[in-house]
Amino acid sequence: MMLRAENIWVVGGDPRQAALAALLADDGHSVHTYALERGGGMECEPSMDGADRADCVVLPLPASGPEGKLNAPLAAQEHEMAQVLDALRPGQLVCAGMTDRALEDMAAARGLVLRDYFAREELAVMNAVATAEGAIQIAMEELPITLHNARVMVVGFGRLGRALAPRLRALGAQVWVCARRHEQRAAAESMGLGSERLERLSDWLCSYDLVINTVPALVLGVEELAALKEGALVIDLASRPGGVDMEAAAALNVRVIWALSLPGKVAPVTSGRYIKDTIYHIMEESEL
Amino acid sequence: MMLRAENIWVVGGDPRQAALAALLADDGHSVHTYALERGGGMECEPSMDGADRADCVVLPLPASGPEGKLNAPLAAQEHEMAQVLDALRPGQLVCAGMTDRALEDMAAARGLVLRDYFAREELAVMNAVATAEGAIQIAMEELPITLHNARVMVVGFGRLGRALAPRLRALGAQVWVCARRHEQRAAAESMGLGSERLERLSDWLCSYDLVINTVPALVLGVEELAALKEGALVIDLASRPGGVDMEAAAALNVRVIWALSLPGKVAPVTSGRYIKDTIYHIMEESEL
Amino acid sequence: MMLRAENIWVVGGDPRQAALAALLADDGHSVHTYALERGGGMECEPSMDGADRADCVVLPLPASGPEGKLNAPLAAQEHEMAQVLDALRPGQLVCAGMTDRALEDMAAARGLVLRDYFAREELAVMNAVATAEGAIQIAMEELPITLHNARVMVVGFGRLGRALAPRLRALGAQVWVCARRHEQRAAAESMGLGSERLERLSDWLCSYDLVINTVPALVLGVEELAALKEGALVIDLASRPGGVDMEAAAALNVRVIWALSLPGKVAPVTSGRYIKDTIYHIMEESEL
Amino acid sequence: MMLRAENIWVVGGDPRQAALAALLADDGHSVHTYALERGGGMECEPSMDGADRADCVVLPLPASGPEGKLNAPLAAQEHEMAQVLDALRPGQLVCAGMTDRALEDMAAARGLVLRDYFAREELAVMNAVATAEGAIQIAMEELPITLHNARVMVVGFGRLGRALAPRLRALGAQVWVCARRHEQRAAAESMGLGSERLERLSDWLCSYDLVINTVPALVLGVEELAALKEGALVIDLASRPGGVDMEAAAALNVRVIWALSLPGKVAPVTSGRYIKDTIYHIMEESEL
């Protein structure tokens, strides 16, 4: 897709960012890394000198660590975000993941063109694939039964439910989707999945071996948790505050695994590739 | 879902409407039909007398025929829409498919609660399944090769493309999705399909045995049609004005099948069931 | 696969044989056709002169027509099989489909190396794919419901059942496999299909919309046919004598479609390709 | 399936055997356990007294431990196999997994009807499902990429390959099957998988992220291992002596995971259910 070799700086981050740098180099770009000393890949720059000549500077996901620091768990030392940005020139393209207000203000003050790749729909769609695989891995590790023939309830049918439910079914599970809207349930049925209404969730739960929540709202409260059969596993994929009443689960002795940020954990290299593709889209649009 | 037996009138329409009446009766409702004499099912009412006591009156899809008539191809005679509506009472629920301005005005004048079931998202999602099957049937009938191992391009990745492309792939076709937006292509790839950009369509077309268009815009013009390989088949599922330059296709001797309204043609009983489910949702919401 | 250009004669046959000739030529072989005048492809030889220099001579599927004739429905005139074989030389490789005793004797008398490609397992496996598609096409054409959500019984789980049942399920049908042996039912369940015992077939039939038989034995007799629900469709894919008591079906007004030789009918070009691949395997083995 | 409540003794074994006992009790049978004290389920009998009244005695998989002992890792103490069998009566049905010559001789000497459930084809078919899931779990755990879009080579296309390859593909992997016989490759292609010849394995290996061997013969020797790309993972599912030259792999720094007996490890409860179904088949056949 990228016809031209670009000069790209990859700054900070975890193994995804290290994978991103390697993949960009594989594509023929001139890649510089900074604050990725323990990333196991190419040699890092000693400073940000020269970063102002980059066609694109890529900050990690999330971009910011605590107290205004760059998020750089693989760096040899800590770096102030402000110092990183000071090395850039006005008008320069900076791609960052999960930008917050402080970063946006700093970028604006320096005239940088800041783009949040984590806000891009295509990245969310692909991350749902990696999250679905992570959830399947957890289920396989935790359950003493095969997913084949297991009864699985997927709560919610957005991007993540649509990546997850068909995969579970392809592995032979009997999958029901629980969703609030008629068209979501119709979409589930159009894929050959069963569907149930969300408002009656506790009515249906007693026969399931596995319940996977994808809805960022409290959908598994005391009533629902109490309805689960003994030995059932709950995997909660919803971001904070999560979809499960964890206190009630503990009291009821229900096994709940709250799995966050799976793509970076189970498939850092693929996550780096997703980010690369998204960065390309942003660069392409910036050129227009 | 429907806990109570309701009094429902099914008025006019084609075999879908006849199937709808039978399915509603199977569910235990008290069903009356009118203007469906050749529908092959239950005996029709001689007049609309008593229709004002119905909990719901279902008009066909589309509701209106030419010149203000009820769309009633299975009726023994023609009926004026106005006369049909005159038999109803203010406040009565009337479900109709593809309502037009004239019908809406007539309903408003009589104080009827008119609901267009064809505008419901859940019906559109399910109709996409029947349309996908119809397209597959046409492809099987027309091509001298199996879909297994055929190279198929699906243009567009909305509801219809998402129903169609995975089915083709499940049959063993090599399926590429051509879509404009990054997230549509990401969604296609997340399902294991190939993807291409819409703007470069003519570059990719030469190797395909079958091209199915789902986009309601002229996507297959002279340039694209000329790029097709000999013997390739084009199925256009886009509603009027369609997505293919038919004159160019004729001049280039490209075989194009413009297939409209497939659900009612290939699966009238299933279409009736989809409508029934949607009517239930409308009735349920009307009661709240 | 074929590294060398070979001299191949394609003699007699239907559109599959015509497709075979074209595909062999596409692969770079020197191809001669005979008795295929109305095949719509390359120009036919006026006689078998020169056929004795062929690396391989391909007779059609089936090779023989009535009364010792070559099976040549697309030929300008009839040809005696003996005359065709007289043109060949001892030791020459002749590939034919469904050889019978008469042909084998004639070939032996002339010292020809006769190979029956139709007896090859790999061709049977691929033909099962085309047969499965043909059965799906018939079901789509005949049923007023979608295969999605239809209840389908597949009787038998050999090559054909294994090609057919997963395809039906991928289209959203609820598929049960009825098979005699434990391991066949286990194989069906391992693919996520339901399974039932063959000996109790009539117990299960009442709820099915579609029954497809693949077993070459009378499995649908009076008792089973009487158990079917009204409007159910039976597709019999079993070769003669077939698996359905046709008289009983007529008496009970059960709709049965006995569909034989589907690959050549629904996908002649693909059938020609399957034969080509099999011929290559035979030629390769003959060289060893 | 079992219409009558039977008296069944479950003797020795690992968590699969404990799960089996619980599942048999759930089905309404009168179940006794022995030598399963740490199985976490029902209370064990203090001796084999009364076992001679059982309709069926189930020994574990494998039945025998070292030195003529019963295989009973969950037992409170060791038990001699001879003593266990001494408690039974001539003509009694004994189902055991992986019987060896010593056990067969002891059973024959006591007039017992010994049946090896592990030799049953239906169990092998179902065990392939659990093994396939186990292999997928290992691949997910070990690889830094998603299976979606990974390039995977499955070597062999018997029962296990047929369970594994379609599952990998359903997860979005690009799957090729490498098999020796034409009809195996045809079967792979009929399922929409790619296929390659086994004899040229090393030619194809360089582009794969994951190679899974199912063939019980040395298929991955020095040449093949050397052809793998850096970071590729090999999972060997072949029983002893395995399909990988482990010394060569170590020398070449290729990561190989030799995964044996996965069903009992990753899904003991499901494995117990498979055994239960097989025991039922054996009991049913013994009654005829």
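The chains carry the letters A, B, C and D, assigned in the order they are written, with residues numbered from 1 in each.
Please note the rule applied: a contact is a pair of C-beta atoms (placed from the backbone, for glycine too) under 8 Å apart; a residue touches a chain by one contact, two chains touch by 3 or more.
Quantities reported herein were computed from a predicted structural model and do not represent experimental measurements.
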item: Chain pair repeating B-D, as identified from A-C, C-D or B-C when over half of the contact pairs by residue number coincide; value: A-C
item: Interface with more contacting C-beta pairs, comparing A-D to A-B; value: A-D
item: Separation of mean Cα positions, subunit B and subunit A [Å, integer]; value: 37
item: Numbers and ranges of subunit C residues touching at least 2 other chains; value: 129, 148-149, 172, 189-191
item: Touching residues on subunit C, where the partner in the complex is subunit A; value: 148-149, 169, 172, 189-192
item: Subunit A to subunit D touching residues, read off their complex; value: 15, 19, 129-130, 133-134, 136-137, 140-141, 143-149, 167, 170-172, 266-270
item: Residue ranges of subunit B in contact with subunit A within the complex; value: 120-126, 128-129, 163, 166, 182-183, 185-187, 189-191, 281
